[in-house]
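So that you can tell them apart, the chains are marked A, B, C, D, E, F, G and H in the order they are listed, and the count of residues begins at 1 in each.
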Amino acid sequence: MDLIKIMNDVRDGTIAPEEAAIMIRKEPFEDLGYAKVDHHRVLRQGVAEIIYGEGKTCEQILGIIEALRKDTACILITRLDREHALRIMDELQDAEYHETAGVCIVGHPPAPSGNGYIAVVSGGTSDARVAEEAALSAEALGNRVERVYDAGVAGLHRLLANLDTIMGAEVVIAVAGMEGALASVIGGLVAVPVIAVPTSVGYGASFEGLSALLTMLNSCANGISVVNIDNGFGAGYIAGMINHAGEPR
Amino acid sequence: MDLIKIMNDVRDGTIAPEEAAIMIRKEPFEDLGYAKVDHHRVLRQGVAEIIYGEGKTCEQILGIIEALRKDTACILITRLDREHALRIMDELQDAEYHETAGVCIVGHPPAPSGNGYIAVVSGGTSDARVAEEAALSAEALGNRVERVYDAGVAGLHRLLANLDTIMGAEVVIAVAGMEGALASVIGGLVAVPVIAVPTSVGYGASFEGLSALLTMLNSCANGISVVNIDNGFGAGYIAGMINHAGEPR
Amino acid sequence: MDLIKIMNDVRDGTIAPEEAAIMIRKEPFEDLGYAKVDHHRVLRQGVAEIIYGEGKTCEQILGIIEALRKDTACILITRLDREHALRIMDELQDAEYHETAGVCIVGHPPAPSGNGYIAVVSGGTSDARVAEEAALSAEALGNRVERVYDAGVAGLHRLLANLDTIMGAEVVIAVAGMEGALASVIGGLVAVPVIAVPTSVGYGASFEGLSALLTMLNSCANGISVVNIDNGFGAGYIAGMINHAGEPR
Amino acid sequence: MDLIKIMNDVRDGTIAPEEAAIMIRKEPFEDLGYAKVDHHRVLRQGVAEIIYGEGKTCEQILGIIEALRKDTACILITRLDREHALRIMDELQDAEYHETAGVCIVGHPPAPSGNGYIAVVSGGTSDARVAEEAALSAEALGNRVERVYDAGVAGLHRLLANLDTIMGAEVVIAVAGMEGALASVIGGLVAVPVIAVPTSVGYGASFEGLSALLTMLNSCANGISVVNIDNGFGAGYIAGMINHAGEPR
Amino acid sequence: MDLIKIMNDVRDGTIAPEEAAIMIRKEPFEDLGYAKVDHHRVLRQGVAEIIYGEGKTCEQILGIIEALRKDTACILITRLDREHALRIMDELQDAEYHETAGVCIVGHPPAPSGNGYIAVVSGGTSDARVAEEAALSAEALGNRVERVYDAGVAGLHRLLANLDTIMGAEVVIAVAGMEGALASVIGGLVAVPVIAVPTSVGYGASFEGLSALLTMLNSCANGISVVNIDNGFGAGYIAGMINHAGEPR
Amino acid sequence: MDLIKIMNDVRDGTIAPEEAAIMIRKEPFEDLGYAKVDHHRVLRQGVAEIIYGEGKTCEQILGIIEALRKDTACILITRLDREHALRIMDELQDAEYHETAGVCIVGHPPAPSGNGYIAVVSGGTSDARVAEEAALSAEALGNRVERVYDAGVAGLHRLLANLDTIMGAEVVIAVAGMEGALASVIGGLVAVPVIAVPTSVGYGASFEGLSALLTMLNSCANGISVVNIDNGFGAGYIAGMINHAGEPR
Amino acid sequence: MDLIKIMNDVRDGTIAPEEAAIMIRKEPFEDLGYAKVDHHRVLRQGVAEIIYGEGKTCEQILGIIEALRKDTACILITRLDREHALRIMDELQDAEYHETAGVCIVGHPPAPSGNGYIAVVSGGTSDARVAEEAALSAEALGNRVERVYDAGVAGLHRLLANLDTIMGAEVVIAVAGMEGALASVIGGLVAVPVIAVPTSVGYGASFEGLSALLTMLNSCANGISVVNIDNGFGAGYIAGMINHAGEPR
Amino acid sequence: MDLIKIMNDVRDGTIAPEEAAIMIRKEPFEDLGYAKVDHHRVLRQGVAEIIYGEGKTCEQILGIIEALRKDTACILITRLDREHALRIMDELQDAEYHETAGVCIVGHPPAPSGNGYIAVVSGGTSDARVAEEAALSAEALGNRVERVYDAGVAGLHRLLANLDTIMGAEVVIAVAGMEGALASVIGGLVAVPVIAVPTSVGYGASFEGLSALLTMLNSCANGISVVNIDNGFGAGYIAGMINHAGEPR
């Protein structure tokens, strides 16, 4: 919001004072009753509103999509189960569902851009859901993604076999449950930021992701920061930001 | 390590097989008895060995500095108390101590480079130690830093008064104890990565930083990742990486 | 209980000593077998017995309503699911069910009174259940309520767009899950009491409301007190008390 | 901030557009280097800046007092130890230290006003520090306070002996460590808001106030809200707000 | 086991040395494959094996009952759901199911004996399951029980109305969820042991009984000891022991 | 308080009605300023006020002792350090300090009475402080005590060697830190109540007594109830009650 | 990997340098898309890949089995429910399902070898699932196993009756939920390593195995180490390693 | 204890029946007042009584040493500070203090025996105290030990440089604080048991070793079991047992 321009318009009589006050306070979003859709957000933050699917009805999701379409060519719906996805794909021809990740993409993801690519590394087979959510989110936000899955530290040679891919990335997303040591090992190997995603995979004293979360926060390796348990989207989003760092805004 | 070159040297007889095996396994670090100093790390990760001062004697710290000097022009010692700092400054003419942050810088920080600047925003007066550790670390690693301190969300207008500085940064470090809401508010305003640092400042149910840590992990705003409680250095390090993202490595 | 009057009656022979002893110890409630209904409570605390619906059968709820009707014109049933509500509405013509909140109101809420109005502000779409429970409870207890929903701190401008409504209230109820920062931001803006309600909305390290609870307890802003996780009714009740503060009792 | 008035001034030429933009964004606080003193806060929130003494030097505290004096007749310093207090009293003739509470009051508290009085009830001898902090804070903010100390639920008759004082208050502050049951018992007796303050008094499974905190949050009695462990000031502040509820702002 | 008698028998030749060694080490229980039934336990501890019903099949429960019948006239099955109970009552004519408590009693409870009676006091309607488990267990072990239910501290007069019953008991069982303050209040009133049973009733920060458990452990009142969350049987068992204290064993 | 007698006195004119009302509400305690001493408590609960020494000055302790002396021949001061104890023994000739337990006994403990004796069993050398606090408390309250120390389950034969003493008691106090398994083992051996006292002895994952506390609460053995961590006095008090169970009150 | 041999082959021309580089970095596993099957692991760690059944489809499990068959004669599938097991047994003639343990064994377990036998001791009937998982795992890995079930410390004589079996083992696995004291008691009796397995069996303050876990970690007995809650397989695996200790690798 | 021999002696008249009963129950330990020294333990468990030094006076330690000397040639005192150690070395000529580990060894450690050697691997400089306690304990119990210190996973190449030492061991002790990932990485590389020791080294969300403890318990690698936080001795003891596995007992 360019305050000085508005002030000049007021002085010039182009805008009435009351109008200016309203402009400054005006709600830059559309009210659908069940959610406020923020049209300015695309401009302000560079990407479309992401829809968190869990707990929303198909009607609500379709309503939000319709409102958002005015401003963006690609909408990402996370945490969407198969049943909801099928109904949304019935309604929208350009919707595509990725079941492993529980992610639906509406419209066309932008062509990959940015400084390089994002490596998404995951520890075990069961971490795939979160890892794919991260990878698809990053792709939908205009990034090239390289996947290195099932490469946990308990089988270190698997990880080392993919060293070139990991070490060539602009930013690495490390997804792991159980002991979460993957982030530390990667952090010790690469010279780029590592976004660590603890997952709730595990049993017993994993305490639904708490163990992996603490491990990642306490890593001795430099360059690691952490997002919430199972927050694949969040990691993809941040990694995308970093991959596009240095671009004019 | 260029394996194919080593292999060629073996085939050519330039290197004996045993020697090659040793090269591959050889320790790329110097053993001081009390610590292994890693000379390759500067090359491998782009910065000097950072010395974590807590729990080390002055003699140990001076020994590590001497060993590291061969490879780097600037060494950062974190978590150093006044007493240790005075003795180190007695020995080293180019050591400078920043008491608020508990940080000592030996040698000359590089001129600021990178895509832009890093904004370090802190919530309350008592968060200054961690915020300064982050700011000095980032500067020592070759970044321009803008400080916005004492701007917690309980006095929102103070934060809004510095919006331009915050919104113009390449990456923002948000340092806050108590309720830790600062990261969420900033995350909702900017379009760049936010590194959140919970601090152990507070009392009662702040549980020595746990409250702030959980708040930051659960932020609804996009683009926020979190480091360990009081880990100002870690935040400065990651922010520096992001500010230099896109540069050739 | 006017002890001196009872004593005088004993002295005057109007009441036998044994009778007086019984009067002092007598149970001021009606025993339904499954619950003790407290007829004196309306007088003693100014409002009707609120029925906590969870875990009670329809028959039990109807029995309690019948017993309470003697003393009050409006009964509030919280945490009532749709199935139970339909059966109760079949029996009672003046029962109305609010599905979002899971609240059933029997009889006619009193006309709004008090010093002003209560603002109920909620952070995200998913906090609506708790926010509506708070709002309906406050209305049933004779208060005017203004609702500001989906105004979380991650989109700060949404909150600022409703500043006038929030700042004009006698008391504000701030409902938020995830990071719970909403209470702090509001507490920094208004000069009236803020009742903070953490909700169990969230995932991962939100630990079913613990994160929001700790955030709210640790707020640096003055004037904030906290109720139990998801306790919308409790917040509405206290806010009603405060809105009627200063009235003769 | 009256936006429409500023807009009118711009239209009338009384204020230049640039000046108006600056006014809107201008920092309404004074920068002392170590803290930002907020002169508008007295107006905006009705009371003076409270100084949290812990971790500040005498010089810092005296500097903040000097800056605040322009706007307020009474300043409250909490969590101040004896040594700091003596030095401050040496400098300021109108400073008075209350050692039990660790509170220093500079200037003259306003005459008591409000709808009635605040009752501060504490459970055990060791809760006195927090209870006095609450009582003195409320007095400094212009409230009459009645104290009922050492009246824990383990000796219920002590509490009942003071029923008249407790039941006559406009708002009750219940301060208790260990099991924290005091708030529930009072909440069941009175018809006014109860502000519960858990204290860190106790040992073993009291976990430094956590036990009392949980007890108070889970109270079955209506009308209870909770502040942070040991936060006597916070409780006194809120109670003062409630005691003055209904007054024109 | 009378070692000296066995030794004498060995010396006298009544028992062979090998046989004596076996006697000393011999298993005093019957092996059913799925459980070891301990025939000596009735003698050793004064009561029958209690069967913890949860997770056992009807066949297993019936098998254990059959094995135990040799030694005892009354068997108590706790945590038994309705379905299992119906099938057991089909098989055993003298089995009786108490649905509220989830307890089945097989055989005839002994006539009440002991020094006096046990008072079982519960806080809210929802604590009835645990309170009844305690009461029935105590009765099955030969104790007179007086019940005082729905008498939580939030309605203190309800509790006081039953003071005579509570104060006349040999031992009191206090059952409460949520804030668990009931035990403290009773402990302050009576001069006999109080067995406190926290229940998992509640929501939010009750953390499934943890809040009530901590409250009870931290009680300032003397004479209170605590059993596991929801452990009604354990409380009834201990109370029975205390009610029979001083009897010859 | 005999209400009917008071009523009769009112009817007979022996007591004025106002006087009767005062009698019913009158404070049955003496106010020393820093603590309310409860003269009726000795009668009501059968023992003297116990003084919790921690955090009290010598003057306060001596003042409370003086006030209590009117009603009791033996006063117990727990958690008293050596320095305080020496000063109290200077003032009071009949005070005796037990340093291991941190307990001071003023006056003459009553001759042992009750149904039998109390066995105090402790796990390790470091649990001695809490075990002695329990033993001395029980003795001061008129019980015979047998001590079995340093008999943890890790050396099971030590425990078994004292079986006769343990199995002959009316009630057993089991004191243990670290893993706290002692209570379970004893509970499986004896047919009398076991009061379990977790201690804060240990390191690492003992979490200052939490581990032992949980172990004891979860014991599979019947007849075990638990007091707060390190609460030796509480255990001695309850054990004394049980040892005197069945006596006329 | 014998680096010197590879180097010699390079020098001798047997292997091309590029080939050697590939060999060193080459992935020693087969990619099935959903899982990377590690053929070298049998050699490297002495046993077959264990399949963790939970969360895998029958197709995935069958695919992994097929891939693994090339290298091993016996495959163990843990955490497999009945439904999945039936379908796998339909496909594979040499698959056998052990329902109590939820374990399926494909192929023929090797004949028992090692230094002696492994004793698996469990506390209660409900710990059987985990105990059997441990026992079957150990057997499948070539060990003789002796089972001592339902021998918890609350009935100490049951445990003592099996002393000979327990004391004769090379290593003991102690499986227990609730209070977990079993490991300490066994650790105090035997002179061999004890692997403690906490189980999630219990209720209330057992917190799904946390209580047993802490107890076992804090054991005062020497020779005890602990695996994750419910991790029967892990315990069997380690015990097998220890039973085969001293063998040439 | 050979029961059959004792029985035969009874039958033969060599031992009187009463004497036999006493023998069976007799205390096999010496009572020093402050500790029970267990002379049979050396035989029963194969090693001397270890003295846990923390919280014991020099006199107590010297007394225990004197009593133990009768049975063993080497005594280990752990957690002994420098001051105590100096005084003990004054008294005992064959005592040697290892300051880093806080361990004092009295007498001559046995010559190394066992199947092979134990590798002790530690993560960071600050883990040295615990690692040395483990190493010295293992040596004192008759094992050869190889140390690999300062080899955390954040610098993976340091660990890989010592692969031969680590992979050649009979058992590995992995000591690490902070994120504790070291155990997983080693567990994935070796085919022998790994004893993991979490240390309390770290800050913030390391929660004094809890983070490392959880990581190690949740390791995906097979063959890892865990001891208490900072329990170096325990790890050394178990490792020694495993290194001697298969020997005749």
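Convention: a contact is a pair of C-beta atoms (placed from the backbone, for glycine too) under 8 Å apart; a residue touches a chain by one contact, two chains touch by 3 or more.
Just so it is clear, the structure is predicted and the values come from calculations on it, not from any experiment.
Student: If you take the chains that touch chain E and keep only those that also touch chain F, what is left?
Tutor: C, D, G, H
Student: Give me the chains shared as neighbours by chain C and chain E.
Tutor: D, F
Student: What whole-number Å value describes the gap between the mean CA coordinates of chain C and chain G?
Tutor: Averaging C-alpha atoms per chain gives centres 54 Å apart.
Student: Report, in whole Å, the distance between the mean C-alpha point of chain E and the mean C-alpha point of chain H.
Tutor: Centres of chain E and chain H (C-alpha means) sit 42 Å apart.
Student: At what distance in angstrom does the C-alpha mean of chain E lie from that of chain A?
Tutor: 54
Student: What parts of chain F, by residue number, touch at least two of the other chains?
Tutor: Residues 25, 155, 204-206, 210, 213, 217-218, 222, 228-229 of chain F each touch two or more of the other chains.
Student: On the basis of the stated criterion, which chains touch which? Give every pair.
Tutor: A-B, A-C, A-D, A-G, A-H, B-C, B-D, B-G, B-H, C-D, C-E, C-F, D-E, D-F, E-F, E-G, E-H, F-G, F-H, G-H
Student: Quick one: in the complex, what on chain D touches chain B?
Tutor: Residues in contact with chain B: 25-29, 34-36, 38, 40-41, 55-56, 198, 200, 209-210, 213, 228-231.
Student: Note which residues of chain H are touching chain E in the complex, please.
Tutor: On the chain H side, the touching residues are 3-4, 7-8, 10-11, 13, 17-18, 20-21, 24-25.
Student: Which of the residues in chain E end up touching chain D in this complex?
Tutor: 123-124, 152-156, 178-181, 184-185, 187-189, 202, 204-207, 210-212, 214-222
Student: Which positions of chain G touch chain E when the two form their complex?
Tutor: Within the complex, chain G contacts chain E at residues 125-126, 150-151, 155, 157-158, 160-161, 163, 203-206.
Student: Across the complex, what residues on chain E touch chain F?
Tutor: 44-46, 50, 115-116, 170-171, 191-193, 195, 213, 217-218, 222-229, 234-235, 237-238, 241-243, 245-247, 249
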